[in-house]
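Since the structure comes first, as structure tokens, the remarks are kept for the end.
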Amino acid sequence: MIIAERKPMEEIRQMIAPYKKLLLAGCATCVAVCWAGGEKEVGILASQLRLDQSKGRKKISVLEATVERQCEKEMVEELRDKVQEVDAVLSLACGSGVQTMAEMFEDKPVFPAVNTTFIGMPEREGLWVEMCGACGDCFLDRTGGICPIVRCAKGLLNGPCGGMRKGGKCEIDPEKDCAWVLIYRRLEKQGRLDLMREYYPPKNYRAVKRPGRIQAAKA
Amino acid sequence: MNSCIVAFCCEHSAYPAADLAGKLKLHCPESLRIIRVPCAGRVDVIHILKAFENGAVAVLVLGCEDGACHHITGNTRAKERVKYCNMLLKEIEADGRHVAMFNLSPNEPHKFVRAVNEITKRIKESGR
Amino acid sequence: METKIGIFLCNCGEAIRNIDFAATKEEVAQIPGVSCVNLSSNLCLKEGKEKMISCIKEENIEKVVVAACSPEFKEHIFRQVLEDAGLNGHLFSTANIREQCSWVHDGDVTGKAVELIKMAVNRARLLQPVEKKKFAVNREVLVVGGGFAAINAALQLSRVGLRTTLLEREAILGSETAELGSLCGFDISSMMSEVEGDENIEILTSAEVTAAAGKIGDFTVRIRKGGDEASHKYGAVVLATGYQTKLALESELKSDVNIVSQKKLCRMLENPNLEIRPRTIGFMFDFSDENSRLPTLATLNNALAAKQKWDSEIYVFCKSLKVDGPGAEKLYREARDCGVVFLKCEARPRITAGNGRVKIEAKDVFLGEDTILACDLLVAEELLLPSEGTEALSSLLNIRRDSRGFYQDENVHLYPVASEKKGIFFVGGCRGDLDLSRVLTDVSSVVVSVYELLSSGNILAEVERVKVDPQKCVACLTCIRVCPHDAIQLVRVDGGKEVAEVFDLACDACGICAAMCPAKAITFQGYRDEEILAQVETIEES
Amino acid sequence: MESKNVLVVGSGISGVASALELANAGVNVYLIEKEAVVGGHSASFCCKATDVCSRCSACVVPDKIREAVINPRIRLLTNSTIKKLSGDLGNFRVEITQQPRYIDVEKCIACGLCTEVCPADPKAVYPPTVEATPFCYILDEALCLRFKGEKCDICRENCPTRAIEFELKPKEQELSVGALIVATGFDVFDAKEKGSLGYGRYPNVLTGLDLEQIFGREGYLRLSINGKEPRNIAFIQCVGSRDEDHGYCSQVCCKYAMKLAGLIKYQSLDTKVTIFYIDLQTAGKGFAQFYEEYKESIRFVRGVPVEILQTASGDLEVRFEDISQGKVCRDTFDLVVLSVGITPGKNSWGLARILGINLADDGFFDTKDSLSSNETNVDGIFLAGTCQGPKDIPDSVAHGIAAASKTIQALGGVASQRRGNHRGH
């Protein structure tokens, strides 16, 4: 799922400085599951903004709303009347949610309150780890299900690099396991070590058109 | 009269300790408001922030001793949330030390009074 | 239409004098939703309660607020009063105006009393009823283990009428209890025949648990026995897997024939046609593991037996004798009287073995200089460890272990035999080093605990006190991971998506899941966010 | 069916634990207690937590007492003792005498008016200790003017709930029960018997029990003579255990001494603590971590001192044999704590005669055979807690629960014999 992290208060404060009435819009799926922008976090941020006593802060009024998914036009539509009442919108959804909101309500400024970081999974409750870099050309089949682009610090396709530390740790970060050692061990377990001998040409990132568009064949 | 202190008291340890302090006639500030919760782990960050929004000067979360929680991890959860609240308050330049978690057991009324005196001392120091 | 709330004040026999009850009554009557305010001097006694019941019925009050002393000793009385008056016991909120108001402040505290009552009324307004229901439970018990504790537990459970399955990893039952039997002087053959003959006990040997799921009253355990796996249903699980010992010796000494473990010495003592008779025997314990009392008991029993059988010279090297068990001091004195020499040393003695003798160098505290003893046989120090499979089974059952790896978290509220997950119990050596009498006490404790739970075939519990709203739940598994009692599981809702569901019997109503749920999908009756925030908001009005 | 009632004698932690298990299993319980309050010794023990719980189980006691007091199946009779017993397993008849309790437990609401108005000096009616349950005021015959012949009636008039009654005679009543559980507990060893240690003569020589109650009531330790914090404390182990006339280890003294020492070190790190011991009993669940943590910061000296003398300045000079140098030497401390052990209750001999159960050679009640620690030589009478031998709180609770279990099995057995099939279905 998409993992996000709330922006530091200093940044948020600069964004909303000129505005008196705000709407805090949460999203109840991905960012809620990673404790960044769900209904609960909207309540906490709203409460913080109301309590803000830093120098020169005038009293602001904050509305709170959370929709099921902010990346769906129909769901964002439900907030239309609330958006009319306020001067600006602070969205706690991931990047696509903020942009859907900005597109639907062009007359009002929409600000992001969280940084959308990566696609990942919880290692344990409260700790999320990046797993996929969304490079558009998945080749996990050849690395035993471990993505070196994300989990190798240098993103090598034909690793491991020469600098690997003792115990299979990464040259750059001693705590981190070297991705290619993990790949080697797993392929060894599956008896597919011959994949390590194959050479993979460098990826052509220019070929990937940004922004990506996928047209479903059946629609 | 807005120097009010809200104390979330766990019904296994802090609430009976407060009652014992009552039986011993140990005085505590009149602005103390005790809210009974089944476990310190039930108190959420939003409850603490809403208490401040409603005019509380300080918030106390009182749970069982570390390792003696009836629900095993309740007091540890509460401790983590209070630390998160300290950080949230520091972010908005409010005094982070106005939220505190103390551990006590049901037969220790003096620890309850000491916790309340400690938070009152912190309020006086920060001049509110 | 506003719910009708009845307030019952109690001035504790006119003893609470620093609250002006008349003024309080007047001010509290204006709170929206309050339909009647009564003042009584002894609400918790008989006539106070009768007046309360009649008032609730006449004014047909829906929610009750009692402003009196601490709910700690009186809450159950007033809940009973509500039930007698035909109201659900949960529609009840208290304001503690005695111990936490009148007794702890000087001067007039009417203001604070009124505010405490307002807080209680704000909470009462939102309270919702919670029904109780009898949940049917499976009356079968699974006892894991085959040692002394497991067999005794199974026997006593069947005696109180509960069908038991005894699951043993080894091929035969009670393998190491044989030594224990001779060590503590009772014959286990009668016990073994009784357990085999009991048609209430099903014995599965060389079997092990491969998967476990479910909650109290409805555990599903997959058991592999000889190739095929089958899953069985149980109401409770009792773990009695005992402990294992490992010689605390440098590896090269382990192979020496003159260095034995306590068990091996036991077997040597029993075997009638033993040819060698050790002249001097050395015992050693309490150096690398200072928290176990079993090495001391084993040493004292074996030393006495060896003295009696072979009349050999016996030297015991230890740091502190652990005699905090019943009868241990008596054994220690008996051993001293018949000539066993006890040497107390601060540091661990150095051991060298060669040509059929074992040399022990140690500095005895009282003698003050190094003593070197060459003995025929050395009973080396043993470390007490949890039996194999403890780690695996505890992760299968998702239960916690203590700091030394034994079962049962070191939380004092779980003693003697409970786990933090209702329906799972621990007996005997598997939860720490217990001598024989404590094992037998554990067995009786677990029998009555299981009897209470399962004997009637159903358990009365509150229905949906903590409930997950399937619409709001996004199955993020946070609640399942944080629940200390493992009472929540993923469930498929009428064929559709999977959501979390709280198992009412296993839930201990602590509210940790309600606080952690990122989607605010868990309601905890009596302490919902709205009910707590309602009490917080009363501060603003003051 | 009368065999569904059980009498529990003594309401210490093991009696309360037995009563609770019996009540939860559907048995009606009479819980009789000779004192005016429930809880026995363990109710007055303090919590010895540093920043982590030290697993002493003292906080389990108030929880269990509260559960027992509010349990509908448990009938509590305070100030009561057994006079006579007859019958056998399944139908015992027990005569109970209840000493008059001039203040009715049901009616008293602990308002404190009676103490205010009482003319006697010192006050003849006073509140019980703080942790007491039931929290009912106590009228002391010895101090009350009315029992000295004066016509004083002030407290009865002022009592708002008419709870005070003077003309009360000891009440006799007969209970018919199916089984008995004896949980009469222990007596703390009277440290005055070891005269050379100066307990009772020197104010700064305390016992373990005194320290528990000081920490329980005030929460911190002050020297009684000058109110200052003690800087140098000694614990002396095995006072009244493992000696000539107490041939057993009381099991609890090493544990409570080390945990109190841990609490003292936690409250003020620079206080020096020394523990004089014979064999350090550090076994038991939850003790490993604690011992590791305090092994270095506490000074352990092997060998128990024999004499304590108070110097002019009020310090205490302890004479002991320093084994490392092999000669007698003196060390001065400003506070010495005698870790007193567990001794059999004084009136266990009387109760044993009434019930017909045997006493073991060390003075505790004897058990039927070495393997069973609950059954006595009389069928239907079971033992729970320290009246059968020294135990700490977790073991006493476990022993109480085990006694309840054996009682239910015995009663179950009786019920089935009546129904004619030998298996207890």
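Letters A, B, C and D name the chains as they come in the text, with residue numbers starting at 1 for each one.
We take it that a residue touches a chain if its C-beta (ideal position, glycine included) is under 8 Å from a C-beta of that chain, and two chains touch if they have at least 3 such contacts.
Because the structure is a prediction, the values reported are computed rather than measured.
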item	value
Chain closest to the assembly centre - both centres taken as Cα means	C
Distance between chain centroids, defined by C-alpha means - subunit B, subunit C (Å)	28
Separation of mean Cα positions, subunit B and subunit A [Å, integer]	35
CA centroid of subunit A to CA centroid of subunit D, Å	61
Chain centre separation in whole Å, for subunit D relative to subunit B (CA means)	33
Subunit C: positions in contact with at least two other chains	72, 410, 412-413, 482
Contacts with two or more other chains, residues of subunit B listed in rising order	16, 23, 44, 46, 50, 67-68
Overlap residues in subunit D, where contacts from two or more other chains coincide	53, 55, 59, 63, 66
Complete list of chain pairs which touch one another	A-B, A-C, B-C, B-D, C-D
Subunit D residues touching subunit C - in the complex, by the definition given at the top	21, 24-25, 53, 55-57, 59-60, 63, 66, 69-70, 106-107, 109, 111-113, 133, 159-161, 242, 247-249, 251, 254, 277, 279-289, 291, 302, 323-324, 326, 370-374, 389, 394-395, 397-399, 401-406, 408-409, 412, 423-425
Subunit A partner contacts - residues on subunit B that touch it in the complex	44-46, 49-50, 52-53, 88-89, 91-94
Subunit D contact footprint on subunit C (complex, rising order)	12-16, 41-42, 44-45, 69, 72-73, 76, 156, 159-161, 184-186, 290-293, 320-330, 333, 344, 365-366, 368, 402-404, 408, 410, 412-413, 415-417, 431-433, 436-438, 440-445, 447-449, 451-452, 455
Subunit B partner contacts - residues on subunit A that touch it in the complex	8-10, 40, 43-44, 47-55
Parts of subunit C lying in touch with subunit A, wherever the complex brings them together	472, 474, 476-478, 481-482, 517-520
